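Each of the next two complexes has subunit A plus one other chain: subunit B in the first, subunit C in the second.
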Partner chain A sequence: MPHPFRDPGTLPFQSTSIRRTIIACYCAVILAATPLWWLTTSIQRLPLNLDINSLHPVSIPVHVVTSNAHRLDGEFRQAVQQSLSSKAWKAIDVKFFDTPQDTLVQTYHIRPSDGPTYVQGNDIFYPLTDSSTPILAKLLVDLIYPFTEEHDHRHVSVQYAPRYRLAFSLLNEDAADGDHIIDWDIQGALAKYFSPFLKSVSSLHNFTIESQVQYHAPLSVQARTQEDGSFALSQEDLAVFINSAEWSLSSSVSNDPVLHFILFVPSRDHRPLRILDLDGKPSSSSSFILPQWGGVVMFNPPETQVLRVDDLLSPSAAFLGQLHSLLGVPRSPALVNHQPREAGLSSWQLDTMLRKRSIENIRDSQDTLRSIVRLVNQIENMPVGEKVRGAVDASLAALRQLQSVRSTKDIFRRSADAVHSASSAFFSPDMLAMLYFPAEHKYAVYTPLFASGLIPVLGAVVREIKAWKDERKLARAKVA
Partner chain B sequence: MKSLCFTALILSLITPAWTTTPTEQFYEELSFRNLKDGRVATRFSFKTVLNGSVPRDPSTLGQEDQSQHYRLFPLAMGQILREYALTELHLTLNAGNWDYDRWGYLDEPSVGTGAELWTWMADGAPSSIDERWEGTRNALGGLFCSSLGGLNDKRTTSPESVFRPEGDLPDWGKPHRLRHASLASENVCTENLTPFIKLLPCKALSGIATLLNPHRLFDADWHGLGVHVVWNEHTGVEISLVIQAVLNPFRFSQEKTIEWSFNSLFKKQVERQCPIASASTLSVSFPAGESWSLEPQGSKSEGGVSLYDLAQAQYPFDLQAKASTDLSTSVHEDFKPPLRVQRALNGPSQAYGRLSVSFSNTGAAPVQALYLETMPWLVQFYLHTLTASANGTENGELLSHIQYTPAVPHGKPATVQLEVHVPAYTEVLLTMEVAKSFLRYTDHPPDAQRGWDLPPAVVIPFLVEQNSSSNAISLRKLPRMYTNSLLVDLATPDFSMPYNVIIFTCSLIAFLFGSVFNMLTRNFVVVSLKDDSETEKP
Partner chain C sequence: MLLPCFRHLHLLLFSLLLATPLVFSAHEAHTDEDAKYAQAQEQARKFFSATGSASHTNNWAVLVCASRYWFNYRHMANTLGMYRTVKRLGVPDSNIILMLADDMACNTRNKAPGSVYANSKHLLDLYGDNIEVDYRGYEVTVENVIRVLTGRVPDHYPRSKRLLSDERSNIFFYLTGHGGNEFLKFQDNEEISAFDVADAFETMWQKKRYNEIFFMIDTCQANTMYSKFYSPNIIATGSSRLGESSYSFETDYDLGTAVIDSYTHGVLQYLEGINKTSTATIQDLFNAYDPVKMKSHPGIDTHLSKRPVNETLLTDFFGAVARVEVDQSSNDYTSLYLDEVENAASLTPQTNESVVRVLSRGGSHEHTPAISQDASWARAMRTWGGMSVLLVLLGGVLVSSKRRATVTTLDT
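This part shows the complex of A and B:
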């Protein structure tokens, strides 16, 4: 009996080869599209050309030229090197010579002196008669790097910044009680007492100066009444002295770190106001420093309403001392009993500061770079863009250049560049971009589409392979 | 005369040595105005003048600035003004709608609902004006704990003919430009008042600022604060910090008499004098025809206004005011607005609507009004549908000088500026069809919301005065008025839906894909049922 329909197997599109071609085409399209999909959905993570282990400590060369007159032996050299190696993270590489070697490298000369010991420029004048090498070694170390480990850990000095804002505030605790300071000639005082210092550190920092007067600055702590009728603040009170809720001290417009200097005038009911030392006895000092923040001077005013430049002498001296500590200015070694007066800073102090800042900057930039690498390795969703990589490269380049420069100023400049680039990479907002779109969300979106689309394709592929195998088996059986 | 000149010359030669910093003066002023509905409008004004100072020239922005040394001027504001070289700045944060009909106007023109910021600054800086504008609003937003960052490019316009500088503009050879933005949804609250008080030389610890009790101020029917910085050629940079509130004494009084005192309004009194104020004044004014008794008496009283000099007052100072007659029912003529403006957005649909603005003039003189509508691109105008009608009859001649800047979707707002002539005893109605935008899913704010607030429109009325002798017509400009803000409801998706939608869409795509794929690859076989049943049966 003839079949009423045509056999579908004879239709052209029902042939096995065409069907297999169609399936192959689907697979080809899917395979070809996969890289595109991968490319458009992956996070840009450029490789950082940075091996953490390659960040080795940088050494800063210092030369010491000794005169033959002193006959300083190996013991002296060893003492200096040993003393320095325990400080400054072993970053100072001190070498001894009889004659000056390299004019670029920071060089200290030890010269004979007729009178007492003194320091001029970077030269130590040491009496020939005194042959005590330990004392001379200590003096030399104090000039090269006077900061102790303890000093490094107390964190009084602020982190390095190319520009600071110095904010001077005259705070009257309560002006409405009738006895208060209306005005102060801070500009005159700054010009007279501060300018030489600020000028001499201009190679390290720039400063923006501002001042304000406040007439109501209530204390958040209660001043204690003393037996003699005066008032006092204990050391614990000083820790919470700054009443930031009611004093408007903060600076809002720039990112430069602010150092605050506060001249606090207690109200008439709280005068005289003193500071107690740790034993609870009135301290001779009327000022205190707040590490990395600024300084405060208590000022019990004479009968005056306007402070002239001369009235501001002692507060200014206190502020200047606090600024020295905040910026990490080294003190003169105790041994030096006679020092030629120089305006502002002496050159050895400046060199020591440059050296200290360089060492800190190098350490900071290396730490930051390490943290970046660790962070990027830890968080796989974190994008690493061109900007971040560029900043990391710039920081590394600056660190690499450090090996080739010798003068203190050049080393400092490179180290400042390195720390600036490293922190701009670390705080780059680009690195946060994709953190809010976790992988789970992606799968939640993809699965309904891809799973249900791919299953028929896979099914068809499997079926065809099976059919093809059966065919081959059949064909082989036929041949056999 | 000669000797006087000589002394002046000598003085002017000597004084600069003393006054290296500009001298500063601080004035505080408190005023009360009794309104006809029994409420009390109060206005605190704190003005600091930096004598002889000049705003920063923008061309010096790249260079080191001079040191800033202030005694009374708020340092935080000084920093912002100099950092962005602003010549003039006006920031107001208000809550509530100012009722011109009952409360009158002329106190302080900036009463629009929400936040409004406008600045005049000169060109010629290394950074563009828009960059400085962005920095300014971010800095002010940070200073006042306010979301001024929302005053972004989508809200910023430059309607220079409406917001004229209120002070002088220095001539640096570069043009000055205006930037203006308002955000109706930004409300004022305690967190804005605290930083505001910190800018005052006497904070809230002495002087009239003692009365600034946030519990009472923010409980008022209308309240707002403002910061205005202008430069006057003859004095210098002036900053005015202003707080206004419309308080309702009835709510706080136990007896049903019309009386108020500092204590009843603010729960506070002025305890001490601000020691550095060059002048502290208090003024109390009454509607005409009412008689009030005040305790203590003012030092001067003229034209229904009692004046007090708080420098000579007895402290603690409290003012008691008591009405001895019934309240009158008319607005004080001086405070009566020349126009009544009402604006509404009608239409039930989420796609289209109609904007209608009515100007009613109840006076006997015609009024010319400059109308400025700034509309974020959320609502788009069909300008060809703009019609004007006077008392119901269409009359296109009432409108003139129409300027229209279309909106840029997702970018700039649209502005319509036009002049309306409102004849005496007439209500002029403007209508225009608008389209409401369909927003992208990311354009919606992440939090729950009631709709989109549209900023108030601004009207500047001009009184048309006819000179009887020469028949010449002159226009007298009056302070600007604000319309009410509007709320628009845009089509909003159900935000719990995106994943469901994604899954539905994916399933549909997968279904279509699967069907097509199966059709293409299926092996069709004809099955003959009859034959099969016969052969398969045993």
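This part shows the complex of A and C:
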């Protein structure tokens, strides 16, 4: 009679070869899976072909041609160079010549004038009788780069963007009293007063314009009653004048920066509404600017309900002045008493703006590139993908091209490309640092997952090897 | 007979295996933190010596409620309370990024449908008239918070979902939810760590996306969340110390849930007393902290800020803008092209100073990689330490299994 239980040694899965095959399979699967695990948990970090030290400081060439008539000496040149080197991050490389050299490079001519000093195009007409070189030097500097540090500190002008939205709002404080502005011919006013300017800066910016009329725009500040029965807002009131909670000014159509222009019509109970200056006296001005945001004009309306183009002259002029400040249009130098007026901007103003924006853009793109490199080095699990590298390369290429172009417009265009590529690299959605996992989290995740599986397998492997060795020893002993 | 014993030995070894790296890396983290702190202090000191005048032209607020589900009603009320306050003080909706699970107002358990109240008497409906939630429901994730801060949002996102701040922006960043030591839980699903926030702030600083940040957090062990910051110009405050819980303020028995947290209640209570033109400083807010009423010990960290908090106005963060300029020129169109004599009278002695400022700002930037090197060194040490412990333990396991193998052979 056979034994009711089989000998364990004869069970098929207890045979040595099958057991070893099973263990080998486990090991094979683990080994095969390791590259996959490695691949899926590693972060793509492409090297950036960017050496921070290779980013050169900006240098924008400017030529000055002086006529012999003025007999301008080295002192004059030194004064100009010294003055320019103290601003614009020393980016302007000014050279002096007696005759025009390179038609592409921005060239300023100093020509003799019979009458007073004036500027036409990029030419300064300066009387021969006046031999004051410091004044002429200052005038020239004011044309080339008039922005002072004080100007930069005020931060009135907005940061460069290729496109802006101009939002014009007519706000009636309260239309319920029946005395309010129903409509305004803003389109006509824009066409008449704004188009020349907007056209002349079209090489710098594009504009989208929108407008709205609101009939209930309550003030959040209390207008102060004056002795003469008028109403006034102090400077502190103006700082909180914009009642953004109740006026719907923003529209989120696009991501372009918005410049707001508000024509505020006080309700009948608050007219006339004035602005107080710092001493608490009524100011002659009825408009104010909010740095980098826009401008406001208080409008105490005449007996009319619809504003025609002519009625909008003075508000439009104020808006235009504010737009000039917001975009950083340089003002005419003090010494120029009068000059032939040009529609929109004078060419020197445009050139100066282009130059200023170019310098800012170049610096900005270099800063951005530097910070990309720094952040990638600093934050170890920040991925760097193909897109980021492409944009960094594009920005570098634009910066490199800058060294071979000379005209102001070309320089500006390259600088805008450079800053655009650099910031699109920086803001690339792929470049999000993986979330930080502390080491203890990694152990906590991996140990229960892998240790419990791996240790028995390893144990089995060791045991098998040992058994195999013993077998061999036994076999050798038998042979011996 | 002997087998059960060995199984126990295995368990013991296994738990050791789990625990040892924890001890190890916690210890490492401490020294790491000290080094980082010293570095940051050094960096801050450098920055102090090179300050210019602080100025900003716009304010932004990022308000994040990291919880969901009915029993976390109070977190949504906290955030909406803050939202109401920043809006009341003049930050426009376009400059507020509000992240909210937003599952309270229309929750079937809400006995006051369509409303969210922060007090049991239902005095003020926070959900009320005009709220604009920018990230709602499952959009409130750690990833989205970091994307918003760093500006790395997908191209198709609308303006309302973007933090379009610049180097002239003051940002108020408020977080609330359930947290622990150096982390904050998001919707019971994931966690943001103090390192994530610190790195996001550094990214913002590098890209000049802020002028100053006021960081406020209301959660358990909140003060640990700002312990890793290393970027300049950050004022941070939190509701409770390491190891300390933050508690709710009051319970509404009609709603059956707590309606607001003590710390946020205290802060809001104080902010309710200021208006748009207030000159109250952040120090005044800090002075109003009362650990007894708030049921925890709020923390303050100003070592990264270059401006003393007793000179920093609350309205620098909660208000609208800093200043306006009344147009000086008359409104005559022609005057635009004419000159102003006063304007020219400045050949610039200040310029040099500011060049120095710009340069030394660059200098302070140069300094930051040192931190990262230190940190990466410590991190590498930690990893290798952990690995070697792991190997030693594994060796132990193998030895034991070898013994076990001999035992088995004996048995058979």
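In this section, the second predicted complex is superposed on the first by the 398 of 480 C-alpha atoms of A that agree within 3 Å, B and C clash if a C-alpha of one lies under 4 Å from a C-alpha of the other, contacts with A are read in each partner's own complex, and residues count from 1 in each chain.
The rule is short, and it goes like this: a residue touches a chain if its C-beta (ideal position, glycine included) is under 8 Å from a C-beta of that chain, and two chains touch if they have at least 3 such contacts.
Quick caveat, the model's predicted, so the values are computed rather than measured.
**Q** For the three-chain arrangement built by superposition, which of subunit B and subunit C touches the greater number of subunit A residues?
**A** Looking at subunit B versus subunit C, the one contacting more residues of subunit A is C.
**Q** With the two structures laid over each other on chain A, which partner does A:290 touch: subunit B (first), subunit C (second), both, or neither?
**A** In the superposition, A:290 touches subunit C alone.
**Q** Can A:213 be said to touch subunit B (first), subunit C (second), both, or neither?
**A** first
**Q** Quick one: classify A:254 as touching subunit B (first), subunit C (second), both or neither.
**A** Both partners.
**Q** Should A:427 be classified as contacting the first partner (subunit B), the second (subunit C), both, or neither?
**A** second
**Q** Regarding the shared-chain residue A:406, is it in contact with subunit B (first), subunit C (second), both, or neither?
**A** neither
**Q** With the two structures laid over each other on chain A, which partner does A:180 touch: subunit B (first), subunit C (second), both, or neither?
**A** After superposing on A, A:180 lies in contact with subunit B but is clear of subunit C.
**Q** One more residue to check, A:193. First (subunit B), second (subunit C), both or neither?
**A** So A:193 only meets subunit C here.
**Q** Just to be sure I read the superposition right, which of the two partners does A:95 touch: subunit B = first, subunit C = second, or both, or neither?
**A** In the superposed model, A:95 contacts neither subunit B nor subunit C.
**Q** Which subunit A residues are contacted by subunit C in one complex and by subunit B in the other?
**A** In subunit A, positions 250, 252-254, 444, 448, 451-452, 455 sit in both the subunit B and subunit C interfaces.
**Q** Once bound in the complex, which stretches of subunit A touch subunit C?
**A** Interface residues on subunit A, with respect to subunit C: 83, 86-87, 89, 138, 142, 148-150, 152-156, 159, 193, 220-221, 235-242, 244-245, 249-250, 252-255, 257, 275, 277, 283-293, 295, 313-318, 320-322, 324, 331-337, 339, 341, 346, 367-368, 370-371, 374-375, 377-380, 426-429, 431-433, 435-440, 443-444, 447-448, 451-452, 455, 458-459, 462-463, 466-467.
**Q** Can you check the complex and tell me which residues of subunit B touch subunit A?
**A** Per the stated touch rule, the residues are 20-21, 65, 67-72, 74-76, 79-80, 83, 139, 142-143, 195, 198-199, 201-203, 205-206, 272-276, 499, 502-503, 506-507, 509-511, 513-514, 517-518, 520-521, 523-526, 528, 531.
**Q** With touch defined as at the start, can you tell me which subunit C residues reach subunit A in the complex?
**A** Within the complex, subunit C touches subunit A at residues 10, 14, 17-18, 21-22, 25-26, 29, 53, 55, 57-58, 87-88, 90-94, 130, 142-143, 146-147, 150-155, 158-160, 162, 164, 166, 168, 182, 190, 192-193, 195-196, 199, 202-203, 206-208, 276-277, 319-333, 336-341, 343-348, 350-352, 354-355, 358, 365, 368-369, 371-372, 376, 379, 382-383, 386, 394, 397-398, 401-402, 404-405.
**Q** Going by the contact rule set out above, which residues of subunit A touch subunit B in the complex?
**A** Interface residues on the subunit A side: 1, 3-5, 7-9, 11, 14, 19, 22-23, 26, 167, 174-176, 178, 180, 182-183, 186-187, 208-216, 218, 246, 248, 250-254, 444-445, 448-449, 451-453, 455-457, 460.
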